[in-house]
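What follows is a single structure, and I will ask about it in a moment.
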Amino acid sequence: MTAGAAAAIPRERTAGSHPLMVGRPGDATLTDRLLAPLLRAPRGWGWLLLLSGLGALAMFGAMGYTVARGIGVWGNNIPVAWAFAIINFVWWIGIGHAGTFISAFLLLLNQRWRASVNRVAEAMTLFALTNAAMFPLLHLGRPWFFYWLLPYPTRFGIWPQFRSALPWDAAAVATYFTVSLLFWYLGLVPDLASARDRLPGRLRRRIYGVLALGWRGGARQWREYRMGYLLLAGLATPLVISVHSIVSLDFAIAQLPGWHSTIFPPYFVVGAIYSGFAMVLLLVIPIRRLYGLEDLITTRHLDNMAKLLLAMGWLMAYAYIVEAFVAWYGGSLYERYALLVARPLGPYAWLFWLMIACNVLTPQLFWSARLRTRTPVLVGGSLLILAGMWLERFVIIVASLNRDFLPSSWHIYKPTWVDLTILGGSISFFVFLFLLFVRFAPFIPISELRELRHELAGGERAP
Amino acid sequence: MSIRRGLLAELDSAGAVAAAADALHALGYRALDTWTPLPLPEVEERLGLRRSRLGPYAFLGGLAGAILGYGIQWYADVWVFPLRVGGRPLHAAPAFIPATFEATVLVAAFVAFLGVFVTLRLPELWHPVFEIDGFERASADRFWIGVGEDDPLFDRRRTREDLAALHPLRIVPVPEPPR
Amino acid sequence: MAALFSPRSNRLFRGALLVAAVLVVAIPIGIMVWVRTPAVTGRGRGAKQPIPFDHRIHVTGLRIDCRYCHNTVEREASAGLPATTTCVSCHSALWLSGPLFAPVRRSLATDRPIPWQRVDRLPDFVYFNHAIHLKGGVACESCHGRVDRMAEVRQAAPLTMSWCLDCHRNPEPRRRPAAAVTAMGWHSDPEPDHPVPLSPARRAAITTCTACHR
């Protein structure tokens, strides 16, 4: 681990001041280090798992209560017919987007720094989507009929209406989850083979061996594998843009002031990636600390993601400004009222301004190169951004709905304890799934890091 | 291209395996394969592997998905269940685009994913090369190259000499399958 | 050290994957088929009635019209079950003796209806009106089957929503002249008084959700 070796690579010096990988560990060391987390948990892992598992249980309890009693136990009421369920859905699904952005988008753009964080990001996508998908199903009221969303020959002779946004959502979320899962698993195969070949214990090796499907690392295998991986990346990239666009159309095709806006699809996609990067940072920072991986997930990675947060933060600011401008410029009385009066001055104004502070002011910290590599600042900033993005969905949904066209039906929405338990529990459930993932799956792509190391070494013979 | 019988040599670096592939190819061997812990595109070129056909297949899969996706929507909302909603035409093509796109991506992704395993004949939990002691390191830090018995130039003694000229860590034949 | 898996494991594992893949397809299809079988829809199911009332004797033998007993069918949502007095209008003392008729006698004595059991049951969220169906030329037979051949009434149709919709979406071939709605085994001829097609508005009205789900 010599800093001098890194400085000798001109490629890296031009790419940034921080190295992608500190030192040049050998193939065997690299493999063993990255497989080590599969053998034993770091201190506190069990307690965290227990704690988050209890939180998840609380969520399932509250969900069971909701199913048993009906969604009347939530705070939703006309005109605020959509509230926490849809806010949480949009929030979680947005967080998932950064995973695909990192693993697919950045792969196509040949951004080598994605290599050490992409698996974590992809797993984050899967778990965020698992959480997200539960909310619209619960909001259906009778979640056991979820399959009515699918086009199949029913016994009642009717079919989903594809001129409505709900089947679009079902198609988008189901496709997104499936493709993310395939992409994630395909990426895992060579690493599962490494686990099969290097870990002790016959049973453990057999389990990873079955999952590795007999991967041998043959020349032909790598060739087809890379093509398959590239194709999935190419497919996932437009997919990630389509998914949040479709989610935004749930709102945009309605005629409610505050929703009915053509800026929604890009606005939502940017917001999704924004919150997702904040979540990736929040996951990556403790992981590199707990497992001592600071030389593989380097300050360069943190720096890059902080820069992306800054860029996305400005795009969000742009979207907020355009939203207000179009409301004024469009000349619709109701739009003007909703966006220029009700939102900044109405009953939820404090949440609106809090959201602006979180989403627009927080990323300004990252102008400073020093702050971009300070982990406490990054963690704090990410938490604020995640909160801000949740508030944004709250403002869009509740603050638009509560001022109905008829002032007589205006209504102040308040969440109930069930709403809050489900939201808190879903965060616990996410952590729970993630803890299991880092314990049992190689969470840093080993073969890609070996590749990166060879590339950085520039053909020099392995030590 | 998958070698089930033949001679394998164990090497210790990516550079060595690339040089070995060059050398063996120059000697006229064609039934060559390598097993490496990371992809080595230059070696693949030297082995004369054909271009992956997954792309066109995935494209056809996407096309089928698009037709299927649009077809289901048309069948459902125009043909069997024509329901007037908000004065929109029954055949509302723009409204059918989102689900059509999703179906396109879904089928194309499945074809790409399954295509990898079908063309490689995986899953194959057991393979003759797995019987070699120490072959496990092919997924960590060892680079293997092998000549198949079906190569016209293959001759147990001469091929062993040719492999020895590469200064490998060792040379092993693919063992006979157990039982 | 031998390989982790034996050569046999290849066939086993591929076989297991194939079975899993077949099940993933077969299970949903199996469920879709199963919910359409009489075991689920109740088609062909009867009910234990207090009296073994035989429609064959009354309809085929005595040629009594359906409406004689089910007398509200042309006016009300329910077709109506006959009052006990309707029974005894024919079943005088002679045909009212014996253990078979005990429930009728008890009904007369206590002034309580005979506890007939329902055979064709629609869910509560479906609004069904017999009168409008008869007015539209839908025959008894179309839903209840050949009651004239039933010793014991059984559910003749699956009564699924798609079965209702088959007719609502394409009613014309099943409409009859008003005189033939209670006929059993009726065959349509190209007669001059054959019902005219429904107007487009009427057709639309009988396929909206709220036609039945009110």
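Letters A, B and C mark the chains as written, and numbering starts fresh at 1 in each.
What we mean here is this: a residue touches a chain if its C-beta (ideal position, glycine included) is under 8 Å from a C-beta of that chain, and two chains touch if they have at least 3 such contacts.
These numbers were taken from a predicted model, which means no experiment stands behind them.
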| item | value |
| --- | --- |
| Which two chains share the largest set of C-beta contact pairs | A-B |
| Most central chain, Cα average position | A |
| Where subunit A and subunit C are represented by their mean Cα positions, the distance between them in whole Å | 52 |
| Gap in Å, rounded to a whole number, between the CA centres of subunit B and subunit A | 30 |
| Interchain centroid distance [CA atoms averaged], subunit B/subunit C, Å | 58 |
| Sites on subunit B at which at least two other chains make contact | 123-127, 130 |
| Shared-contact residues (touching 2 or more other chains) in subunit C | 4-5, 10, 13 |
| Residues of subunit A whose C-beta touches two or more other chains | 157-158, 196, 209-210, 214 |
| Footprint of subunit C on subunit A - complex, ascending | 152-158, 196, 202, 205-206, 209-210, 214 |
| Subunit A-facing residues of subunit B, complex | 1-2, 12-16, 33-41, 43-44, 47, 49, 52, 54-55, 58, 62, 72-73, 76-77, 80-81, 83, 85-86, 88, 92, 95-96, 98-99, 101-103, 105-106, 108-110, 112-113, 115-117, 119-120, 122-127, 129-130, 136-141 |
| Partner subunit A, residues of subunit C touching it in the complex | 4-5, 10, 13, 28, 32, 35-36, 160-166 |
| Footprint of subunit C on subunit B - complex, ascending | 84, 123-127, 130-131, 133, 177-179 |
| Residue numbers on subunit C that touch subunit B, as the complex places them | 1-10, 13-14, 17, 204 |
